[in-house]
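Look for subunit A in each of the two complexes below; its partner is subunit B in the first and subunit C in the second.
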Partner chain A sequence: MEIAPPPFDLGAIAPFLIVAVGAMIALLADLFIPPARRPALGYFALGTTLVAIGACVWLWGGAVPRLAFANMIAVDRFGLFVTIVTLIGAALSILLSVDFLQEQRLGYGEYFPLMLFTVSGMILLAFANDLITFFIALEILSLGLYILAGSARGRAVSQESAIKYFLLGSFSFGFLVYGTSLIYGATGTTNFTALRVALEGSGLTDNPLLLAGLALVLVGFAFKLALAPFHMWTPDVYSGAPTAVTAFMSVGTKVATFAALLRLVTGALPALYADWSNALFALAIVTMILGNLAAITQRNIKRMLAYSSIGQAGYVLVAVVASDTTQPGVNDAAQSSVLFYLLAYTFMNLGAFAVVVALARPDDERLDLDRDYAGLARRQPLLAAAMAVFMLSLGGIPLTAGFMGKLLVFRAAIEAGYWPLAVVGVLTSAVALAFYLRVVVRMYAGESRHAEERPARVPVPLAVVLAVCLVATIQFGILPAIPLDAARGALTITAP
Partner chain B sequence: MAPLAYYFILSAILFTTGVIGVLIRKNPLIMFMSIELMLNSANLSFASFARYRNGLDGQVIAFFIMTVAAAEVVVGLAIIVSIFRTRASVDVDDVNTLKG
Partner chain C sequence: MENWLFLIPLMPLLAFAFDLLLGRRFPGKWAHAPAWIAMAVAFVVSLLAVLRVARTGEPVSQTLWRWMPGADLGGFDIPFTIFIDQLTSVMILIITGIGFLIHIYSAGYMGHDPGYYRFFAYLSLFVFAMLVLVLGDNFLVMFFGWEGVGLCSYLLIGYWFDRRSAGDAAKKAFIVNRVGDFGFLIGMFLLFTTFGTLSFFGPEGIFANLAGKGEGVLTAIGLLLFVGAMGKSAQGPLTVWLPDAMEGPTPVSALIHAATMVTAGVYMMVRAHALYEAAPVALLVVLIVGLATCFIAATIGLVQNDIKRVMAYSTVSQLGYMVFAVGAGAFIPAIFHLMTHAFFKALLFLGAGSVIHGMHEEQDMRKMGGLRRSMPITYATLVAGSLALAGFPLTAGFFSKDEILVGTWFEGYPLAAIVGWIVAFMTAFYTFRMIFLTFHGQPRFDPEHVHPHESPPVMTLPLIALAIPSLLLGIIVGLPAEAGPIHQWLGPVFEGGGGHADAARTMAVAVAAAEEAHHPPAWLTVGGFAASTLLSLAGIALAWLMYGTGRISAQAMGRRFAGLYALFYNKWYLDDIYQALIVAPLDVLARILWKWVDAGFIDGIVNGVAHLTGGVSQQLRKVQTGVVSNYALAIALGTVIIVGVYLLLGPQFLAR
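Up next, the complex of A and B:
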């Protein structure tokens, strides 16, 4: 008997391959490069991500959508859009890290290879069309992040961040895997395409095994996306990890995992819309309220940004809930707003973290809102102005990317008939302004504690990150047409 | 052969034991063992469903999960050892510099 091997469509996973191979080369090169030249590895990693973005653009124009590797990978514009956003986030995080690592004496070592491996996991996650591919990708990205979170080995907070992230991350992985096994038990498949076909018009939609599996998988997602009430680990992990790593994981992980969630629920389980939309509806409301309320009391900027990222995830979730595939118009608006919001979030959140990185000193990370941010505008007017823009954008003030994102999300929610979500969203955004604006007020009105010391020098790579994030945040707020058209063009989740 | 339900109930009991273990124990090593229990309950569930459905994929998936679990052990133990080196204790109640 002859068994035909499935065709090897390596071109379909070119971005993943480029990043994975780049990571291995960087890992090997690390052995031969003298310590003083290690920053070169950062630029190599940056080049790798840029080449991968090029590969995505090439695929975007090529023969997409297509399924590859026995339907386990779906290469479509949706995945490519998310991959490009992830890669942009990764490229900016790498630039952010080059000088930060040196200044904080963190040592380069495995840092950039690990970052690239993590990015390869995120890319695979964006293309995963099977629960198996999905959880392998999720694990590739998580394992890298556990180590990166603990990469400041001597520091107690970094170790604590790593162990908490690791235990909670693997715990949620257990839920995902067991949930997957129940879905497999109920339907006999783990493939997204096959699941959709199996569930359409079958009597399976009331199957308790299937619903329990869905519930467990959603719990796993909620942990990974830091949705309340599964968010307890986030503030500790975000504030303990080195700031550059926090910046990276707060954007990349969220973007890729949201893409996987959207692909799973709309691509594989549209038949269960009533079930998952109700569950996510409740999660979205709790997440928006808890994330934004808890952020108000924070005095540490990294903890505040951690809670803020929980709140932001709540807004994205609103649009996921509205993705009802039976109403194509509503679904398109909802999914394109998810993509747009993720893109806008990447720039504004990375920008805010870039300012935190710029202020850090070797002996003191300068994280206290009252002590270190007061009077910043007088000492470092440019950094303060940049931070103000990012805070206003995260808060959703008009003429910023954050405002456009919120507008699209809430409009999609109302079109889909979920006006309670939109109401809660608008109210919590108003609450959120309290802590975003507080940072701005501190910077412009407070008295500086560090008035006598020389202002921090902003290295060139960091300045580039700040400039890119600033331009994107304002540009997407005033003229959102380009990214929005791209997002609308990216809506074909492969469904052959 | 015992009916499918027996295997399924056993896997559910193992999974629940794992979840409770993670939630109530304070030692990261025990918590970690409980997580392994959760993953292995999924393996049992995959293998028994695959046998029941006469398919092979469920059994193959069990191997994937074992591989992932092994990779997790490597990273997890490394983190725990590095904590033990600096603090000479791994109780999660002692690892509390950051307040949730």
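Up next, the complex of A and C:
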């Protein structure tokens, strides 16, 4: 029997290739660059992401959707939209890192190449149309993140963070692989397209093997998305990792993984809607409640933002639950709200982390809410104003991106009939205001402990990040039409 | 589509941001510079827009963006559109023009204040909000501005927050305005449920779809919106905040509490005139409330001794004129008076500020006197403003007030017009009482300690600039009476059902005929002129006899009419009535609620919830041990639960 190799459609995976090749070049170049010039690598990495965004835009207008590499990759607007969001997050994170690394003396040469490798994994995740591709992508991205989390080699917390992340990640990916094998056992395929065809109208939907497989795969997702009760690694890893890394993984990973989840459940498993939506329903409620409640008692801004990101993931999950493909109108509203929320979340969360980065000193990361954020508005009014906007947006106050995101998500949930999700979502949003607004109150009403000290200058790259995030956060709240239209145009999950 | 209109509101907003964020670091006292520039540019752009309107006769507009288009939220798609027609033109010229002059004046008046930059930041923010209020083409944008000016008013009344009285006055203004805003908000909800939109114009807009809507619901909307107007324009039961608002710096009183913000209610009702015309009962209520306010405030103004309080009650009274003119359906005279009043009342307040400034923060007129020699420019300009307020023949106020009274008579309310003339007499009297007490006679202050001096040019130049229109504006736009340029200018706004290319303008011939017939007869016009002239002169003469020459003893008058005097002096006991009827019962109720319901029951729940959330949060911290194997256990347990539930209970364990 002759096996014909699948055609090499390199154009289809251009964004992935650009980033991966860029990573390799950066890795090589690092050998020849003196340590003092390492920021140049950062700007090279930034350029790489921008070129990749250009490639995405090129593909957006071209012949999409298309399947490539024996249907293991699906290039469609959905994936492209997510890739662009991921790349924007990556570009901003790179800008965030350049001065931070120097100042914190973390200027290790492999930092930016690793970041690019991680991004390449995220891109592959967004296009994955096969459980195997999906797993490979997840591993690429995770391996990079494990090392990045431990990149502050001199600090024990960073090492601890990396080890915890690695151990627990490997543990849960075990479930994921096992679940994949069970699904293969039940259906004879791992391909999303083939899975959908196999499940349609078959008697397989009650197969215990398949259901157990689905459950285990969902566990893998739940870990990576930090959904309660699989979230416990998050605060430790987020607070231990260098802040720039935390910022990067809190947005990029979530965005790409949510895209993969949505592609799997609506592209491959619509026949199992009742099953996965019920599981995600329960996870969403637990996540929204736990994430927001636990954030209240946090005094460390990074831990607070870690729990906040758990709660935010719960809100996105609400819209995933509402993605019922049998009701096209509802499904469109739900999926577009997922995309909109991910986009909004990228900007507002990165913005908040950018403020944290801006406050850090070489000897002291300045993470304590009571000590370091009190009275910030008097010392650094612009920085405090920006942080206030990000907090209000994360809390969902009108005229910000976060408000529009929540509005769309809850509306999708109600349309799909999941009003308990909307009720829990609104109630937990109210709880969440307690800790988001506490930051604002501290900044504007507190007495500064660092009053005598000269406020540090915000370096230009960081100022660019802050400005971009600020403009986007406000603009998406006042003018949501532009991103919303783009998200609407990106609703073609390919599973022909 | 004029794509440069956005500059009008943007400029003051930029000035606000600039001053607030960077004002403190500004070298020297230059925080007024961005505000001055912004106001000047905004005025020029406004002027260009108005010229465009004047040339084409059509409104100009620019849609900035739509809020939530396609979000598919049941038609809740709000266009943020800047809309300028003839009515808006009048408003924006007042706001930016007088606003500019007051910004200049403020640099002198507030020059010694440590919070200089903060003052200019707030003042610019106010101008922005006020412009949004008048420029919006739907109720939501208007409400946005409406709330914005309320906020700025609060911030500026309480500007000297270290004074307890200023803080109290700010809170009073805010709370009373909340009552009004609540009515406005409910009215807006009712509008949206009735019409499915909040837009004014266009075929889908509110004013084009009034036909076929029940008069009951329109009356309810009209009355609810009027509650909002009562709050902003200090009418009826909601007047009480405005006199106290004089705790704010004087330029604030001039700009916000005389020229612009307090006229927002009048503007809103004139803008929604089509709605009100379809709800005659609501209009009648507006008329009665306005007339009563006009009368009561004037009587209180007769006996005040604080120079700014005289102005405050006079403002309430003049706003009453505008409101009852609206109630009578005399919309153009109402806007005419709004315009002239903005000039002469801003002038009067700024002049009073100049007097207070020169007298070292003294506001009691009984401790002034004879100031005309030391403050000649202030004296001259204040007299000009007072003549206008008193309706002295041929001044601006004379024409506009006369039009209101004649218009009201003509629209079928002669009784209201007669009350209006009585108020005109009182107005002339208290205005010149103020002039004579302040500037004439012998000084009643201690010349050893107080050295009254003329204010610097930065303050007197705006006074002069305002005095000219106060005297001449009436002749320019008000002649011939009831058909002057102001009528020709504003006429298009009131044509047809909702105005502006409206399909309701069906029978042009009939309308033209109606227009022809819609002029008061000559005898009424001439009679009105005569009555206004006589009453104004009589009021001034009486003031002269009592306070200029002392031929009639004010004390004797006070004794003879002791009852009335007490009534007026105590502001008709309005504050006391509120204290007894609303505040005290509320206080008792609040105490009961606090002691029993709140402390016992609600606090129990709230604290319980807080303890619960905090407690849960604390417990969650304990779970977060930091030990990896514990975390792995949680993952394993979670997995067991999910898989177990699937396998044991089957898929449909959670019904939707």
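We take it that the second predicted complex is superposed on the first by the 493 of 496 C-alpha atoms of A that agree within 3 Å, B and C clash if a C-alpha of one lies under 4 Å from a C-alpha of the other, contacts with A are read in each partner's own complex, and residues count from 1 in each chain.
In this text, a contact is a pair of C-beta atoms (placed from the backbone, for glycine too) under 8 Å apart; a residue touches a chain by one contact, two chains touch by 3 or more.
Here the structure is a predicted model, which means the values were calculated and not measured.
Looking at the superposition, the partner that touches the larger set of subunit A residues, subunit B or subunit C, turns out to be C.
By the touch criterion stated above, A:Thr190 is placed in contact with subunit B alone, subunit C being left untouched.
By the touch criterion defined above, A:Ser170 reaches subunit B but does not reach subunit C.
Using the contact criterion defined above for the overlaid structures, shared-chain residue A:Asp364 touches neither subunit B nor subunit C, since it reaches no partner. Within the superposed three-chain model, A:Tyr418 lies in touch with subunit C and out of touch with subunit B [touch as defined at top]. Of the two partner chains, subunit B and subunit C are each touched by A:Pro235. When the two complexes are overlaid on their common chain A, residue A:Ile136 makes contact with subunit B while staying clear of subunit C. Shared-chain residue A:Glu200: touches no atom of subunit B or subunit C. Applying the stated contact rule after C-alpha superposition, one finds that A:Glu453 touches neither subunit B nor subunit C. Looking at subunit A, you'll find residues 163-164, 167, 171, 175, 232-233, 235-236 touch subunit B in one structure and subunit C in the other.
The part of subunit B that touches subunit A in the complex is made up of residues 8, 11, 15, 18-19, 22, 28, 31-32, 35, 38-39, 41-42, 45-46, 49-50, 52-53, 55, 57-58, 61, 64-65, 68, 71-72, 75-76, 78-80, 82-83, 86-87, 92, 95-100. For subunit C in complex with subunit A, the touching residues are 21, 65-73, 613-614, 616-618, 620-621, 623-624, 626, 628, 630-632, 634-635, 637-639, 642-643, 645-647, 650-654, 656. Listed in rising order, the residues of subunit A touching subunit C in the complex are 163-164, 167-168, 171-172, 175, 205-206, 208, 211-212, 214-216, 218-219, 222-223, 229-230, 232-233, 235-236, 272, 274-275, 278-279, 281-282, 290, 293-297, 333, 381-382, 385, 404, 407-408, 411, 417-418, 431, 434, 478-481, 484-485, 488. Contacts from subunit A toward subunit B in the complex involve residues 132, 135-136, 139, 143, 146-147, 150, 153-154, 156-157, 159-164, 166-167, 170-171, 173-175, 177-178, 180-182, 184-185, 188-190, 232-233, 235-236, 239-240.
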